[in-house]
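Each of the next two complexes has chain A plus one other chain: chain B in the first, chain C in the second.
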Partner chain A sequence: MAIDEMTAPAGDTGSARPIMKVENLSVVFPRPDASDITAVHDFSLSVTEGEFIGIMGEPGCGKSTAAMAMLGLVRPPGRIATGTVEFLGQDLGKLDEEELRAIRGKDIGMIVQNPRHSLHPMIRVGTQISNVYRAHNDVSKQEAWEHSIEMLRMVGINDPERRVKAYAHELSSGMAQRVLIAIALSSQPKLLIADEPTSGLDVTIQAQFLDEMWDNVQKTRSSVVLVTQDLGIVANYCDRVVIMHQGTIVEVAEVHDFFNSPQHEYSKAILGLQRRAQEKGVAIAKVDEKAPPLLRIEDLTMHFPIRASKSKVHAAEQVSFEIKPGECLGLVGESGSGKTTVGRCLLRLEEPTSGSINFHDVDLASVSREEFRKNRANMQIVFQDPLDSLNPRWTIKQVLEEPLKLHSDMDQEQRLDRIRELLKLVGLEESFVQALPKEISAGRQQRVSIARAIASNPDFIVLDEPTSALTPETTAEIIELLIDLSNKLGIAYLFISHDLTTVKFICHRVVVMYLGQIVEIGTKDQVFETPRHPYAKALLSAHLFPDVANRRVDREVRESLQGEIPSPITENLPKGCYLFGRCPSQVEKCRNMPQELTELEDGRLVRCWRVQEGELTD
Partner chain B sequence: MTTDSTSSGTPEDINPHLELDITKKRRQIDIVKKFREEKLFAFGIIVVFLSIFLAFFGPSIAPIDPTLATGDVSFPPPPLADWPGLLWQVMTTDMENPPHWFGTDSSGLDIFSRTIAAPRTDMSIALLAALVSLVVGTVLGLLAGYYKNIWTEILMRTSDLMQAFPVFITAMILVALSGRNTANIIFALGLVYTPIFIRLTRAEVLSQKTRGYVEAARAVGNREWVVAFRHVLPNSVVPSLIQTSTTIGFAILLTAGLSFVGAGVRPPTPEWGLMIAQGSNNIVHGEWWESVFPGIAISLTVFGYATVGHGLEEDYR
Partner chain C sequence: MIWRFVVRRVLIAILQLVGISLVVFFLIRLLPADPVARLVGFNATQVAYDQAEAALGLNKSVIQQLGDYLGIMSTAKYDGIAQGYLGDSWVTGSPISEEIGRFLPVTLELITYSLLIAFLIAVPVGITSAMRPDGVGAKITFFWGLFAGSQPEFWWGLMFVFFFFTWWWEQFGFFLAPAPLGRINPMLIEPAVITGFILVDSILSLNFEAFVDAAWHLMLPVFTLVFIVSGPIIKMIRQNMVRVLRSDFILYARSCGLPSRSVSLYALRAAMAPAMTLIGIFYGFLLGGAVPIEVIFALGGLGEYSIRSILSFDYPAIQGTVLIIAMVSLLVYLTIDILHAFLDPRITF
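Moving on, here comes the complex of A and B:
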């Protein structure tokens, strides 16, 4: 059913006429030594009314350049070398700058990355919306101002009468992004071009925002061209997918076809993780349930003092969980939920305020720093940004040699052997030893990071968002590598991530955190299939899994959280349940009733009295 | 084991476009290329090498002993206008009794010999002073940036205080207090230039210490001071190294300046500032050569070092 609706989105009310037709568009960046770079090569695309198109590809593949070039915008010294762009029957190439400007912003709207930087910092947002509206419509200032308020209401900003007078810095990034969409939609454009509009936003905000755009497409029958790197967005919102690779379109497909049977090699690579999992059965080994825990943390609390103030940042509150040998525990939550802090506290990169960290039956929270330092051989970490976490002046050899020098008494020859062995383990060639970090790709940098972490034979590694700086296909490779290493070496992981797709793939059990508290702990299946805590439910619902069989836009109820995560400083914290105010299932009693983490009959822990009393069921 | 171990990827897997070229030359400041392409930078490099050469060999190649008074008192340099005669003179130079190219001063000392012998004094003071301030400044800057406590706070306020005084006055007072000898001059100059290096290093350390590799170094199991000196320091010294060239130039100027006011080296040591000072009394009598030649030497040297510093800085940014 759903498929039929999707394939012919414009078919049901009339002819599916193309509103924009791009043919053989090429963008060239000249270089002084005459070796020009063709950033976009022979780009052809036709956009139908009411269609939601996604353009995907690796960074630098020319997807943003192509999207901008459709509007005739190319960053100097680049220029459009060949091709025509026809918009509503008009050849945009023949129009002069003045006529183009009349179309941009009126009939074609744009939303760019990084909302904060795209808004003028010294003009009220209402004025910015009005200016765009008045540039294309003959209305008075007063009318435009009222229209701005209307637009802000439409994009879901609470209290638009007050927000319309705000400046960009007074808005959260989620709200700033909505203001941008309000500007883009103010003249009801027939085509909206959005360049990674949600990068840097949390999943819950991302879902709110894309829902907004989707609803707008449905309401006004406009079209959207969305540039993204996120498979989840494509799977859940787009009708058609354009895959770009090195400046060329390699595949254009209907979204279901793309996910079910990708044609081009590169498309297959992009779909890597699930595809390969199905084909080869890559999976992490089962854990011995009866084994004593390797790591047990109890009531770990981390408060950061705020300078010249009595209040504190409550980054983590009484966090307790345990990890068995060889187990992979996922730690998920929005940014600001304290998940990274927990990981850093485990390694004493932050000194926890209170609580205990039992590792091999020693409380590591109370030993001296020097004592802890000796323990670091057993406990390692892989960081989010691979390039940043490698010393820029050190070769790969030096990087990998350091832990060996610190934690073993190998001589130089033995160390070299071990380095070769490590490189082999992480799938790198020996010739990389002399490379500097910046000379190798991000995926390989992360492999080096992982090699450094396993160099001292640890039992446990904290993976702090190890894949979030990587492209989808590199992510797939790294996850496979991590699974492989855990199976071979029996290493336990704490996998911290906001990317639920990878968590689902690698973890045995999952911890969900919100505002520094654990709200739910359960096995992967429990949490992913039947989440019980309202926050866990909303988080999972908002997360865009690249699964075309269950598209968010096809769901009847799109659960989402209202607003954004508050900053966890003392005076901001709710008295009762921390989720109060955002929770879809809240009742008055929640306001003043602190919640306890309690075990349910199926063995999972949930911090919600309504779930515990059986008031909330699926 | 359920995993196919080859699945974790070979380097040339699905990302051929990201193929690595390790043989590609590392992007470093290519001095040879810069020397060929930028005239000003080339000039600076020549000056730097010439000054160092003269510091080593100047006194030995000086045609006349720079501290030996000859019989020719206040002898003018050969007139440039009579250039055929000058050329003839050059070609028939008697090595035993060379002419005074730059003339002689009122004591009969040969200006040319003194000018090329002076770098030994000027350069060694300036180089050592710059080295002292570079080393002391970088280490203190590292500590000040890396550790935030009452001592580093005091250190920074002290260096603020030092920078508030004019460099020349501070150096003069320091030399006057500690005694007028070469070691003290080096010490004084090193001290007045240290705050610049403290600031430069500290600023870089502050930004470097938030980088991930610092955290990673800690997580690998390094002691804190090892993290500071082995990881943060090498990544924070580049601005200071570039500043050194400019500082050497200024130190030469300051050395000469101190001699000029009588707080520097003692006569008859060949030293540019001293020569200018002695010659300045006689300019009114028309004996310009005593001051002008060492003056030109100072200007060229300072300018050369500053150009090199500037050129390196441009490439670094």
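Moving on, here comes the complex of A and C:
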């Protein structure tokens, strides 16, 4: 519907005006001792007025290089080998350096990947924003400086008068990201090229920013070319999708067509999980509801002391839940909500401040380290970045052999057999045993970490963002593998992720955390279909599911949370409900009334008195 | 903040200096050398030998000698390091600190000027050759580096003396450079020693004749050093600059449409900070590394002094020289680190 409105501007002949036309663009990087690499090959794309285009593709496929080359820029020593770029009817190749400069950053805005490295490390952020502003506007230094403060305020940075004097390394990557957004939007470009502009941001802020960009496109009829790895963003905002693979465009499609009937093999791989689920019905097996719990944690609390200060970081506050054998429990929340801390406490990678962890009838929180180690065979963890957790000098064989030596008394022969078996279980070929971690792809590395985790036959694994560092196609494969392993071996998971799409796929029940507290626990359907706690609602509504039938931009109300999650140090914690200040349903009474996690009629637990008393329905 | 850093660094430096003193003290005593025989001659009588040995304190145990040297639990009549006294030279009998005070400024002057000039040349050359990797500048730099590094520094020193002094005089009948015999024409009135830097002193004492002549005498040794160290310095500045030009923030600055002058300034800013560290490293290196040049031009620098002390087994002088060189190096590193911190906000103390 939205697309129809856009492709038929009032009083026009029917076709919208092209803003940029790229033809046969190729970018080449010379290598001193080998043949050149063609990073982008024959890239052609035309962008029309008011269009929102998404570019997807695996890391290193040339997305960012192509985006830069649209501006006529290449990182040295690369060069643009062939191709033309026409912008508003002008051939950019025919302009001189000064004319090009005047267009860059003014008519074409750019947001690059890696925001912290893209700001100069030794120049104040405000000076850098001012410099860009002054490059395109005839203003004094003072005016430009005030303008910078204004822009920081506009992109929601707290205390802009102080931040404007900061250096890049003093900003979080989310904040640096917003500085780049501020720079790009301030000149109201006709075309915005954005390279993974929201990768450092939390879902709630990501939604705010993309909403604003989309509204802006509608209002001013400017255009956006958005490079992203996230199917959710593409499905919810883009009109057209460009799929790149190994330097070339393999598919350009209208967004609904792309999701409903992808043409190219690689597109199908990207959409793997969605499609296979529809076709074969990949699903995790049902759990025996009557079985006694495998793991029961009660009032788990973790306070980190802050050096030279009386206050503490309240990373987890009285967290309680149960996991049944073979069950997958999802743990979701914004970053900093305490998810990782809970996972790490279970394995005593952090020593919890208080609380109990009952596993196989032993309280892991209070037993000695010695005693605890005996239980480690039954309980494993897989981290987000496989390279961080695999010893870079060990071959895959050594990696897998270690837990076998530690937790079993197999002889060498038996261990080799077991390694073969493990590789087969995680879908790796035997020939990988001699490889080093860095020699194999990220997806395979994660398979190796999973193989290592299941080596000792555990019945419970903590998965901390196991797919967050992976591309959509490998994410799909890893999720399928995890489901498969659970079905075959009966392993239970605590699945920690901020990616609700994968959580929805794999989990039986879901825990939502905010500021170290659980705010809602329920079955997957309860939480995903009808979330009750205001925070859970906002989180779900801000999450971008890759579902073109229900695009966020087509919705009447796009709920989102205002502001940002505060850091959970003692003096920041609200006296009453922790969500007070950001909650769309708050009333004065919430300010000073601490909230309890209480069971509702349908069996779920919610920490909000207004929900408990039936004041908030729908 | 910065003071805490400085104090900490000074304390560490003192520990390092104590360590170095001990190492040198024991190392020279491990040498199979007999400084007493060296002093009194091999034909001296046993009595004369014993007297000399006692005078030098070498008849005491090594531990007692160490105590005398450090000035802690000393059994000697004179002060030690703890009292701020480096001892007297066994050869000349005058205090080591006085002698080093005469020789050290010569070396410092030589390498300070050389490094300053080398940097004034290397920064623009290194940067332009990084910005235009196919340009003439880059090629010249490349061959210069190869050429200058192909021979040891004393060889270049001798070559320049031969060419600019001997050959030039024979060809053209006048001296382009003076004879390599010291810092100033001995017929001139030397300026009073104020800083020990002869150029500075001659200005301070308004002795312009001396200034011109001293500058003339410094010309060739400085030229030789500049010729040798510029190659590697240019190379490192260029590499720095190439790296910076490929960085995300330069690409981003260009994509924002900053004028090329601003982009160059951004790059320069980032490339300069590591170059500072380079100055420090070269300075420390040249304190000992400029010896061949000092010797060829008979400048009378610390390098020459240390060689003389070693050859005559003048233990206190060797110990003193090593200590002073280490002290100057540590001081230079500290200064550079402080400057670096002012340039780069990422460095915190």
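Here is the rule we go by: the second predicted complex is superposed on the first by the 538 of 618 C-alpha atoms of A that agree within 3 Å, B and C clash if a C-alpha of one lies under 4 Å from a C-alpha of the other, contacts with A are read in each partner's own complex, and residues count from 1 in each chain.
Just so it is clear, contacts are C-beta pairs under 8 Å (C-beta built on N, C-alpha and C of every residue); 3 or more make two chains touch, one makes a residue touch a chain.
Since this is a predicted model, take the numbers as computed values, not measurements.
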Touched partner set for A:E429, first chain B, second chain C, both or neither: first
Touching partner for A:N487 - first (chain B), second (chain C), both, neither: first
Partner chain(s) touched by A:I103 [first = chain B, second = chain C, both, neither]: second
Partner chain in contact with A:M122 - chain B first, chain C second, else both or neither: second
Partner chain in contact with A:S173 - chain B first, chain C second, else both or neither: neither
Which superposed partner A:Q586 touches (first chain B, second chain C, both, neither): neither
Which superposed partner A:S335 touches (first chain B, second chain C, both, neither): neither
Which superposed partner A:N114 touches (first chain B, second chain C, both, neither): second
Which superposed partner A:L349 touches (first chain B, second chain C, both, neither): first
Residue contacts on chain A - larger count, chain B or chain C: B
Contact set on chain A toward chain C in their complex: 68, 71, 73, 75-77, 97, 101-106, 110, 112, 114, 117-123, 131-132, 135-136, 167, 169, 180, 183
Touching residues on chain B, where the partner in the complex is chain A: 1-5, 7-11, 13-15, 17-18, 20, 22, 24, 26, 211-213, 215-223, 231, 234-235
Parts of chain C lying in touch with chain A, wherever the complex brings them together: 133, 242, 245-249, 251-260, 262, 266, 269-270, 273, 343-346
Residues on chain A engaged by chain B in the complex (per definition of touch): 58, 245-246, 265-266, 269, 272, 276, 280-283, 285, 347, 349, 373-374, 376-377, 380-381, 383-385, 388-393, 402-403, 406-407, 426-429, 431-432, 434-436, 439-441, 443-444, 449, 452, 456, 473-474, 477, 480-481, 483-484, 487-488
